[in-house]
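Okay, so subunit A shows up in both of these, paired with subunit B first and subunit C after.
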Partner chain A sequence: MKPDSLISVCVIAVIASLLIFQEMSREKVTPDSMDGCSLCHMPDTDPSPSHPVGVMGCTGCHMGNPFARNKTRAHIGMIKNPGNLQVAGKTCGQKNCHPDLPGRVEKSLMATNRGILAALQNLWPHENAESVQDVFELIKRPAGRSLALDHYRKMCGGCHLWRSRYPDLGEIGKRGGGCTDCHIKELETPNSDLSKKSFRHPGLTTRISTDNCLKCHNRSARIGLSYTGRFESEGYGTPFTKGGPGPRRLSGGRFFLELPADVHHRKAGLDCIDCHTEKGVMGDGKTYQHQEEQVDTTCKTCHDPVIRTDDPDSELTRRLVQANGRQPTIRRDFFIMSPKGSPLYHLHVNSDGKMILYRKHDGKPVRFVRLAKPKIHQAAYHKRLSCQACHSRWVPQCYGCHETFFGQADQRGWLTGKKRPGRWVEGRSYLRFRRPALGVRTDGSIGPFAPGCQVFIEAFDAEGCYMPEKSSRHLVMASFDPHTTALKPPTCEACHMDSKVIGLGEGALKITDTGLIFNPVYQSARSGLGIDFPLDAFVSAEGRPLQLTSRPGARPFSLEELERITRVSLCLPCHDRYDDKIFCDFSVSFSRFRMGEAPCGKEAP
Partner chain B sequence: MNHFPPDPYRTVSTNSRWGRPLASLAWWSFIIALVSGVVLSFNYRPLGDVFVVVSKLTHLYPFGALFRKLHYLSGQFFLLFTMAHTLEHFLKGTYLRMAPARWTRLLLTFLLTFPLVFTGFILKGDKQGIFAGEVMVHLAREIPMIGSMIADILLKPGETFFLRPYLHHTVILPFLIVFLLGGHQKRLLPEKKLGLPLLAIMVTAAAVWQLPPDIPPRANVPYVYGPWFFHGIQLLLRHGPPLWIGIVWPMTPILLMAGLSFAPASCSRWIWTLSAIFWFLHLSVLVFAWIILPRLPRGIG
Partner chain C sequence: MKTILILCLLTFQIFWYFGTSPAEEKTDENFASCRTCHTGVEAMDEDHDFSCVRCHLMPEHRRKVLHDHNRVVRHPSSPTKVNIFCGPCHRDDIRKLQSSRHWTLAGMINQTRFLWGAQPDPDPRYSAAPCSRLEKMPESPKTVRTPADLVDDLLRRRCFACHLGTSPPMANGMFRGLGCAACHVPYDNDGRHRGGDHTLKGKKGYPTAHKFCRPIPNRQCMHCHNGPYGGGDYTGKFQHDFHYSYRTPLANGYLPEKKYLMDHHGLSQDVHHQAGLFCVDCHDKKEVMGSMPVSGTGLSGVKIRCIHCHGIENSRGNDRGQSSSSHRFLLSGDGVRHCVPVRNITNPAHNIPGMEKVHCLGCHSAWGFMDYGPSFIRDDRRDLSRWAPWRMQSDESVATMFDNQGLFLGKPDHDGPGPWLMGWRFRRWEYLTLGKDEEGRIVPFHSRYQYRISYVDSNCRVILNNVIPQRGDGTGRGWAFMPYYSHTVQLRGRNCEACHGESLAAGIGLWGGEGPDLALTRPSPPVYPSMGLLTEKEKQTLIEKSPAYRKWRFKTLWRDYRDR
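What follows is the complex of A and B.
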């Protein structure tokens, strides 16, 4: 053999020997293993029984290269949060898992925020050329000149499903993250070092706790707080404890008072998901502009249900029951569906017609009340009343939302996480808990209204000069379910004799033959607001609407309606029962009273 | 037994100082690629989740990574040595002493090495491979009249995405190359003396060198790249029509070189100069693309 060939053979032999040694000594992943991540990481617990790491591996959700043994290569394309909507189609939504869900969630209001964006762009200082339909569109756009969108980026944009999670930022850091936002069971203490082979994996669940919903639903309408009986109070922190502010604290340094919680929470211990269905929360694949269009449940869905003898989507029911894991697997002969076709698998109807709800979080049975049919629910004079109009005990009412834009300072935008010029400072005139004002909703029914929102915008440029063209005010009342349901409705006087409830605001109401005379308590003009009506006045005593509404067609009571409502109050001191005969046809009764034909009319002063 | 029948055109020697070694090295590279490819094919399946197949082959099976690297390196060496061998003939003008058919066979061999390496790139099954396959099909469709037919021959999108590139890579293109090389040179087997040193170099390189990382198909990455020789076209495709950039532009210098054997002597110099300019432009764009592509705005999710 020639020398050069000998050298080549020797080189090949040496390299081959080294390679054989390396191959023999390396840590093996068997071809049957799901992936090689377990060589470095192995969680102590599975995310959930339906997501066992031992069966599904890590890369099924977190992507990356399942077999590479080099850290850099193994982590190419790896996703820390598979629920992130940016990738959910490839992770949670992959072919054999939940292929229909990411597309639905992307169109849901929690992901699009279409209503918030539309309201901002319609009412706030805005450049029409920069208009967007939804958050995803806004994320792709560079920041522009629109103050409305700047406010969204820096304030409202903290709550939407496209947002990334920032675990180090407290409550606000836990918002967002796509599917994970709702379905995660947070670890009490986050893993500090994921490079350790053994660690705790955050849990995944379909038994979503109310606390997860409360991460976001604790501001604006504050329905999450109200449902659990908490009212965000002024920032005094009273009563003090040990010489300092009291312990009733919310995120952002806010304080709260304890008020009666919603009866569903207080008596039955129901979580949000016991009423709100998967289609109502994650959407049904259609794009909606308003919350009430997407929400898939009403009081009647459960309390006056349409009972079927067949299950039109038994496969979905089976999967939901299986995923929940705490629902009884008893045979059912009757089925209840939500208006959009979500199976209410936790509601059982016995053959005798009695209903039992099995709570989703623990499977505990709760006796459920079907809608009673007393005369008051059938009374013609109350046929326009929504359930919430009577059964909402209180609603947090934030009057006067003062938004000031300072062009001199910077603030972090939630869409990019980067600081941008301009800082928003929020304040309010005052905050109250009280029965809501009533008004007429888009569908003609009467429901509760509360400020939503009464915005006073003042803008200052980078030099600190006031910008009148970018400053504005718009006072809007919105109708929503306050989530403070009480079993017993208020008395008749509580509505018919309360100027606040009928929309005039707090003050002294006098009913005269010539009309209503109302003296408000709050003096807006003297308080420097630049308006000639109180912030809590939805309508004037002359029936003139004083504030905008958040939906087309929604309005306060008209003068004719106000007069009809208040006219009843004259009789209520004596006729305080709804089944009193005079209410069978109140117009006739009242005419007889005016003519002196009624027995009481002769004695009345 | 290992000699082809005498060919009257081969009576004139065209070998220069480097011609024979380069050809020999190219031939040896091809043989190493062939053997390592056969080894890999025992565990390669062009159906289903090919990325998982390749990942298991690379990371789980004993010596899988070594053979994959050997295959990769020998393929690249084959391309480079064939290119160098062809350019040497071109630059020194030895093609003038070569029968036109022999020069054409060499050019065809040179031309086929690109789809051979390109289909190998697709067969990685990772995100880059999938994108490369899609780009190949779209470029083929741009060819007037017969584009769709060629695209169908090259690749069929869907569950059998990798099947046709696999057939081209493992059967059709190697067979064609063997056939053309057989017609181009006298010996079926290359000179032995270069084989072992080249193998030693490749085994050493395969032992210490790391393959470019495979990008999982589901991964969100800012940008994917084609094979290194395609970067210039990848850059130009951002700005120009696919037919001109993807088909006409790379084919022009090769067609010009093919014309050298047939063109009259008066035109030959002009064609040579034009070919050289085109090669220079290709090289310049390629180098520019290597520099600029990683710095361009990212857009692939």
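What follows is the complex of A and C.
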């Protein structure tokens, strides 16, 4: 071989060797990884068995560029939280995954907050030209002059599904995030460095923990707190421990006391999802204005069920059972559906007719009673009573919500994350949990009412001058299921003879045949409130409603109802059984008594 | 020559002696002629139309020249001075006062020391001010190991803000004099002088006028008795909770004006207050100024009974005739004639067998202070900013540690012991629990002593961490419910259901009293063995509806129904 040719061959060989060596030592995308993300990130665990990283890769959910090997290029278009409603249609909702769900969720109340926005715009100082229907509309709008919407932006707007998770720490940082808000299994300690080769990926689950719900549902009616036996307290922080305020804390500098939890939580260990179906929570695709229109469960759904022998949607049942992954495999002869037709796959009826619920989070069986005691529950004179009227042990009541708007200070808005002029400071008059007032709900049934909300607004402009035209008050009583269910109901007297329960407030009540005479304890005028009725008075002794309600048709008892309810008291000392015949037609019984025709009437003084 | 020299020396001595004294500042000012500045000052009254020095200068300082105005005695009736100024004429009254509860605070001191384990029983042995029969209260030791080591400090620096001998907080509603003047010399709520004295006119911290007040208006009593279990009840003032979010409501842009260092809810007022009765119309000189044997229990000083005015028999001395069997007349201290309804014996509610042992207030109290679960902490650390949210707690030393925005300004005593702070667990006015007082009467009981105590020293060491004290006789924890004569009388009594069938009233606790917070609604035994909680049998009787109860309940309801 010529020397020139030899040199050429050697050079080519060296270059080839170098290239081969470089190629051999370069990290490659192996058949185990679906996309280039795994070059830098390799989670130890999958988000869930149905979301295996090895099969789906990362970009299927998180988007970005699966082919790039360079960080900047790979992260173009990447989404940290695929559940974010802004992108969920392209991530969770992509064609082969959950195409129907993001659209439903966007219309659900947890995303739209329609009820909250409607209440604020109807009752608070508001510029009608700025009215919005839902949060998504509000997010796109710049902030205006409406105090109602400003209040929403800065105080209420932290709890809806359009909100992004991060970068805040704590409970606030975990709120929001679309699908992730509910379906996430939070890491006990957040990942500190995602650039490591292996890290823990937050989990995804359909067995949603009550703690997830409580991130948001620990405010307003405090339903999540009440269910788990906590009452947001007057904030003393007692007992003091380790030299400071105690450890029984909630977010936002609040403290709690421990009261009896709901029996479903205390005795059965049920989570929210054991009652609240996916259709009720994620919506059914319709846009509702109020929560009672969207909620897909009632007490009777389980305790007085309509039992079928066929499953109208066996495919959905199968999928839900599979997604839950904890339900026992049991042959079913009976099927129970929710009010909106969701299969309640975790409810079973034994061959002996007894009911069993298999808890969604662990599959443990819980036996429970069906509605019994027909003499009590089917008494005609109590037919308007809701379950909550008797079986709610307590209701958190926050009297006097004092909202001060300081135009000269700034506050961060939840929708944008940016500080804007105007700061809200909330105060209150006092709190209670016992003996809520009863009233008539929008559907005509009788249920517990609590302040929701009794708002006193004092507004100051940007110079710190008081604005009387923007300062106002509106006192509203609202009815809700407080989620403090107790098996044992109160005594007859506890409702029929209790001035607070019938809606008059605390005080001395005298029942006469010409009307009720009532001396209240709370004196609002001397408390500086500028109203002429007690804060805890829903109705006057003359039957005049004293406070507004948050739903059409919802109201306190009328004068006629007050007199009928209290008149029964005269007979209750002796006639305190449900099956007592005098209650078959009490008006007739009472007349007989007045005429001296009843046996005990002869003994009347 | 010698004589002239001696005379000169003598003259010099005389001038030296009378002209100067070692302690006096050499100044040309002479304050001896008081009315030169205090023009217009009134005489206290006809019987006290003295020269100023008779009350306001110590005998040894009463000369024609007074260079040091600091020698003027501002409070001649204060406990340290009263024997000198008031004593010569009022020896007997003062002697009785010095064994009264106003002087000794024997009840408060000895009950608390017993419950905190500092003495073996609650019987009176210590007094707040010098008393011939009781010892002076000890000081707390420097080293703290148990609550007993802290109790005297708590009493001195937190509770004794209200004592005849202590200077009052300079706060709306709390300005007052010392000693006899605490009651007998009027102070307006804003503490400003409105009398004839030109020098003092409009200034804060001075009496309304340089006069005695007769009769003593309620405002005087309320300078101290403005909170729970007395003045707050009577005038319908219930303190707001301590957290700053309870500083409500704003009205036309203004924060509520604090009174007695707190904001208040307005609740129904005692009917006697509505009628215009003074505290002194019931609590007369014999009660308030002693003349009773020194005793620690609550009733030893109070002798007034409802039946004294409202009973058929046993009317009081200041009755002014009886116009009918249903009313009599009472002349109140300000000369107003009040028509007093006599207890209606035809009302079945007053004739129920078994109810004779229930005190009138068992039914006729409209509401009361039921304050549960106090936590106390003495915090000696330098930085106390963590307590800013609870700066309004009816204590001047805590309030003055912070500015209006809650910024911590510094400890009251920079190098000394830290302040005492406290918080309740929760407070209610509508709750009612029953027990038995010394006379075996069933009365409302109050959740007064449910102490949890903490102490952090100046090195940030938590010496006592949320500790429950133990009684000094070793019988258990230092918690107690006590008889509570709530001054919230209402014409119409509570309904029977307020107690009958009500577990809270029976002493079983709310919903069984389970959990750390509801357990507080289960009463602890009172401090004195002569008092007691309801027995198990009495609790059962209260919860159940016996045939007798049913019958009488019906009678009362039916009577009301037809009563127009």
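Operating definition for what follows: the second predicted complex is superposed on the first by the 569 of 605 C-alpha atoms of A that agree within 3 Å, B and C clash if a C-alpha of one lies under 4 Å from a C-alpha of the other, contacts with A are read in each partner's own complex, and residues count from 1 in each chain.
In this section, a contact is a pair of C-beta atoms (placed from the backbone, for glycine too) under 8 Å apart; a residue touches a chain by one contact, two chains touch by 3 or more.
Nothing here was measured: the structure is a model prediction, and the numbers come from that model.
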When both partners are placed on the shared chain, which of subunit B and subunit C touches more of subunit A: C
Touched partner set for A:12, first subunit B, second subunit C, both or neither: first
Which of subunit B and subunit C A:525 touches, first, second, both or neither: second
Partner chain in contact with A:244 - subunit B first, subunit C second, else both or neither: second
Partner chain in contact with A:73 - subunit B first, subunit C second, else both or neither: first
Which of subunit B and subunit C A:4 touches, first, second, both or neither: first
Contact set on subunit B toward subunit A in their complex: 52, 55-56, 58-63, 66, 127, 193, 196-197, 199-200, 203-204, 207, 210, 213-216, 218-221, 301
In the complex with subunit C, residue positions of subunit A that touch it: 229, 233-246, 253, 257-260, 393, 400, 402, 404, 426-430, 432, 434, 456, 458, 460, 466, 468, 471, 491, 493-494, 497-498, 500, 506-514, 517, 519-530, 569-571, 573-574, 576, 600, 604-605
Subunit A residues touching subunit B - in the complex, by the definition given at the top: 2, 4-5, 7-9, 11-12, 15-16, 18-19, 23, 28-31, 36, 59, 63-70, 72-73, 76-79, 86-87, 90-91, 94
Subunit C residues within the subunit A interface of the complex: 236, 240-243, 245-253, 256, 264-268, 348, 366-367, 373-375, 377, 379, 381, 386, 389-390, 423-430, 452, 454, 456, 460, 462, 465-466, 490-495, 497, 501, 510-511, 514-518, 545, 549-551, 553-555, 557-564
